[in-house]
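All chains are identified by letter, namely A, B, C, D, E and F, in their written order; residue positions are counted from 1 within each chain.
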Amino acid sequence: MDAATLETFTSPVILFFVLGMLAAFARSELAVPEALAKGMSLYLMAAIGLKGGVAVSESGVDTTVAHALLAGIGASFLIPLFAFAVLKGFAKLDTLNSGAVAAHYGSVSVVTFVTAVEVYELRGIPPGGFMVAVMAAMETPAILTGLLLARKAIDKTDAKNDQGTGELLHEVFFNASVVLLLGAFAIGMISGASGFSDVEPFFQAGFKGVLCLFLLDMGLIAARRLMDARAMTVRLALVAIFLPLVNGALGTILGSAIGLDVGSAAALGVLCASASYIAVPAAMRLALPQADAGIYLTMSLSVTFPFNILVNIGLIGALASRLAAA
Amino acid sequence: MIETVIRKRIEILTDTALQRRVTDAIDRAGITGWTVTPVQSGKGREGRWREERVMGTDKVLILTIAPQDKAMALAEDIAPILTSHGLLLSMWDVEVIRGERF
Amino acid sequence: MIETVIRKRIEILTDTALQRRVTDAIDRAGITGWTVTPVQSGKGREGRWREERVMGTDKVLILTIAPQDKAMALAEDIAPILTSHGLLLSMWDVEVIRGERF
Amino acid sequence: MIETVIRKRIEILTDTALQRRVTDAIDRAGITGWTVTPVQSGKGREGRWREERVMGTDKVLILTIAPQDKAMALAEDIAPILTSHGLLLSMWDVEVIRGERF
Amino acid sequence: MDAATLETFTSPVILFFVLGMLAAFARSELAVPEALAKGMSLYLMAAIGLKGGVAVSESGVDTTVAHALLAGIGASFLIPLFAFAVLKGFAKLDTLNSGAVAAHYGSVSVVTFVTAVEVYELRGIPPGGFMVAVMAAMETPAILTGLLLARKAIDKTDAKNDQGTGELLHEVFFNASVVLLLGAFAIGMISGASGFSDVEPFFQAGFKGVLCLFLLDMGLIAARRLMDARAMTVRLALVAIFLPLVNGALGTILGSAIGLDVGSAAALGVLCASASYIAVPAAMRLALPQADAGIYLTMSLSVTFPFNILVNIGLIGALASRLAAA
Amino acid sequence: MDAATLETFTSPVILFFVLGMLAAFARSELAVPEALAKGMSLYLMAAIGLKGGVAVSESGVDTTVAHALLAGIGASFLIPLFAFAVLKGFAKLDTLNSGAVAAHYGSVSVVTFVTAVEVYELRGIPPGGFMVAVMAAMETPAILTGLLLARKAIDKTDAKNDQGTGELLHEVFFNASVVLLLGAFAIGMISGASGFSDVEPFFQAGFKGVLCLFLLDMGLIAARRLMDARAMTVRLALVAIFLPLVNGALGTILGSAIGLDVGSAAALGVLCASASYIAVPAAMRLALPQADAGIYLTMSLSVTFPFNILVNIGLIGALASRLAAA
């Protein structure tokens, strides 16, 4: 374990996540009120969006940004195809659930991204502000691929599909986190550094502390779900580690290839590696109610999320540094 | 003495994501209104869950009071998604005051 | 086998601002207690509303269990503000254990 | 027309601290599930209370739908702590769709 | 649009409000948990009260303060008479609803005031700390005038009025926002600047950031209500813009006339222009349940509030500056 | 009243508590949403735990720390015996309720401790960071003594006791506040001052402000409960003042005797003086449901808590200073 990794494990942000998991495993009643957790998640999205927008208002937009956006959207569309093949081939999951799970891996986890940004800033390789826009752009394409894959399995006589499609498309494009991330990003771009300075004590200074409490809650929720998991198999758990490893490495390589700086390439890797546990599950409830939420939530939230936070963010950062040095 | 009349009270437990579908069905049945109350946790065939709005796994309880025929029309209309989406519906007779409202 | 007795269960939906009036009426009727549960949103003749406690547009559901005669006394007492303030009351028979408590 | 069957609906008001005991009893009775809803305040023999989770004085309402025999088994099982811990139980008949689920 | 106005529109505080409105119009599911919104509103009131009290403990109390209080209380009593005439005369609203709506326009909106203070501080014309006390004093007199106007329309045989009156008077004088504003104001006066310095990082540094999130929520709520509005007419909407324009101008002139500094005169204008959407609706539910909440809430919250935030605060500030220069 | 005491009463922290009590006595509807209160209590525990851990990581652990821990645990076990005797002897309370109340006085109140730390820091006698660990250690021993005392009164044929005991022991050792306090303490020790600096703006700068709002809520709750109290007698109220006075003095003397610095000795006194109103009531609901919550909550929350905040923290600090000077 090198010095940088060690530093990660002495960071309060990571340690609060570990505390949450331990408390849940010990069956402690510790819990963060839901309204507060929701509020912290709004805060984190508004803050990361604002900071990204301010950074872009300073640095300006160039072709690299456009490339990063295209790379992210492409990855979000394609990752589910790869995930689907692994899920069906190796984990023997049926078509319906494979499609549902695959959609999660193509999309992203905001908190994983936010944590990675903190870690990479500590290591001196801060990702570019535009990566926030990349993240927002990657949230939803995967849902479409996942549904196309899964729909093969669904009886064509299933009624009410039409109502569902309209609702779904709307949910996909105006989903709360996309709106807030992009909205705050735009506000950051419009206000610039001078406008931001007014709200900086709130959105900047408090950021890491809020992230601590939020990760405490995520640790509690992830571990509790793991203990209640019934539909999980060893093979599914392995897939939930294999996918972020491979997607993370490929995403980082892609980022380097299109000329992103070290931190941004690593951030693209983290976005590819992370799996959604908010936007995509909500869409699946609407579009694929027959799929088993016990499978996709447990995989993304209780296996992939902790793996990314505790191990993979570090690995991806190391890979990006090596690629840049090469 | 005030007069009471008999109406059906229907309560439907549903994922928050599907709330809109249920209330649309209530509107379609021509029922005058509905009320949504929060739910904290539960256990069903898919195991336990806690309210985790962050994750979209939360549920609500929708209650509506309607005359017998509209209540049956609603149940009929909603039956398909009841099964596919795992909703829970129960209904029973209640006395209400000002029956003309329902 | 345990014994159960029949009591009335009354549920009243009201603006939070009027909660006190309803519970005062329950106390006046000599009923032993009541329980208040939260409400999130709804639709009635005045259209939809969401819980907006910031704005005073929120509601609660008050439930109370009482013997038939006290239940009717309560309904009688509360009928005038039912109409003027748009409350919603429904009641039905339930079985309870330890009937002497109610 | 869809078919409905009759089941018992049981609602139990309990201290949050005792929630686990009640749901364990429901599981023991072989009932398929349960749902927990929040409670805000109330009044009983010990006076008023408000929800004060900080202080452990909060309560929840647990509802479960079951066939008659299992419902009675549950009531029987839970009767002792009903009295000692001041729980409130009421039950009544409801119609449900997809009766095989319960 | 002059530079100052432009600066307003690049301020994150205003932009988050706009974001909230846009998100609601796009029917996004974005929502701030209610407990959080309530908490933010408590925070804003405690902070503004404290700051006002500390400022007065520094500046001392003189006759200007007494004049400002009297002017505010007088305005709160009288504005409903004017509003009532316009509502009946121009908008053809019935007596009952005209009285109810009129009460809202005589009272004040705390968030409008807070936003105005931020804007005027940016422009270099900070209102005096005592204006917080003026705001608290203006919250409730209008309720009495509004009720007197409306009660003419109510059947005298209506029962239970007596119970209602006691409850109402208590609600009016011990209403949560009056108690918190005046309480925090008193704490600020007692603690003074030295006592306040301890809690300053929380109540001062975080203030604008919290205001951003709170206005995001207000934007969502205001726009959603507007879309669901059924009882609104074009004439009522026009009144909801006409009243703040006229009341704002008159209040500012009054403030100048009694010798207030520029910022305080503008703040008095804003208080006159703003309409209550918390204290007064709650009182109307109790006292005038037959009045249509769809009318008074939509007017004050969905028309007047955004108009004040986006346009009128700027106009009033310009008027106050001009009066001072004259 | 000396200068230091006066300073206490001009501190916003204490004044917000007074405001809460006054608002409740005036029957104002002012209320802090429960999710927010819960969140603030999590925040305060995480912050105090972190700060304590960081302090210990700087100062190191010596035998004084071990002595303080032993003294605290011993006091928590023994105080209930004394309290029980007073409750039965003077207040004529029955065995069951005396045991239940006694358990509360042996345990501690986190907010009383936190407030005391603020007051003592103002006075220049900051308690040592390890006192947080002492507090966590004192939370639960008293529960065992209290139950042993009360169980004499319980019918042996009472069923379901076995289930209860397992649940109870678990609740006692993995209770949310113990887990969070000790977990955050451990995180503080691991991260040290450098790791803590990242989250300092959130956990340090905001601390006193959050404490203000939290004490506002505590004042509201304490006073409301007092007004609704039915089972209280004058003798019980006297006991609820006598116990913190005596326990506080004894605890301070004990602290001095084992060689603690002034601030830490005073803090030990405050821990002995304070009565639990979170962990112990929850345990009593499970283990002694027949005991009257109206008695133990009203005594600890509505009498002892305000007495400690407003009077006793000051007295204990003065005693500790005198002992150190002697």
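What we mean here is this: a residue touches a chain if its C-beta (ideal position, glycine included) is under 8 Å from a C-beta of that chain, and two chains touch if they have at least 3 such contacts.
Here the structure is a predicted model, which is why all the values come from computation and not from measurement.
Path length between subunit B and subunit E in the chain contact graph, taken as the least number of steps between touching chains: 2. The minimum number of touch steps linking subunit A to subunit C comes to 2.
Using the mean of the Cα atoms as each chain's centre, the chain most removed from subunit A is C. Residues touching across the subunit B-subunit C interface largely differ between the two copies, under half of the numbers being common to both. Our note on geometry: subunit A versus subunit E, Cα centroid distance of 41 Å, whole angstroms. One finds 45 Å separating the Cα centroids of subunit B and subunit F. Chain contacts: subunit C has residues 37-38, 53, 92 touching two or more partner chains. Residue positions of subunit F with contacts to 2 or more other chains are 33-36, 38, 201, 205-206.
Every pair of chains meeting the touch criterion is listed here: A-B, A-E, A-F, B-C, B-D, C-D, C-E, D-F, E-F. The touching residues of subunit D, when paired with subunit C in their complex, are 13, 37-45, 59, 61, 72, 75-76, 79, 82-83, 88-92.
By the touch criterion stated above, subunit F contacts subunit A in their complex at residues 33-36, 38-39, 42-43, 46, 50, 170-171, 174-176, 179-180, 183-184, 186-188, 190-192, 195-196, 198-199, 201-203, 205-206.
Taken together, the subunit E residues at the contact with subunit C in this complex read 34, 37-38, 41, 158-160, 163, 167, 221, 224, 228, 230, 277-278, 281-282, 285-286, 289-290, 292-294, 297, 301.
Subunit B meets subunit A in the complex at residues 15, 17-18, 20-21, 46-48, 50-57, 80-81, 84-86. The touching residues of subunit E, when paired with subunit A in their complex, are 10-13, 15-16, 19, 22-23, 26-36, 201, 205-210, 212-213, 216.
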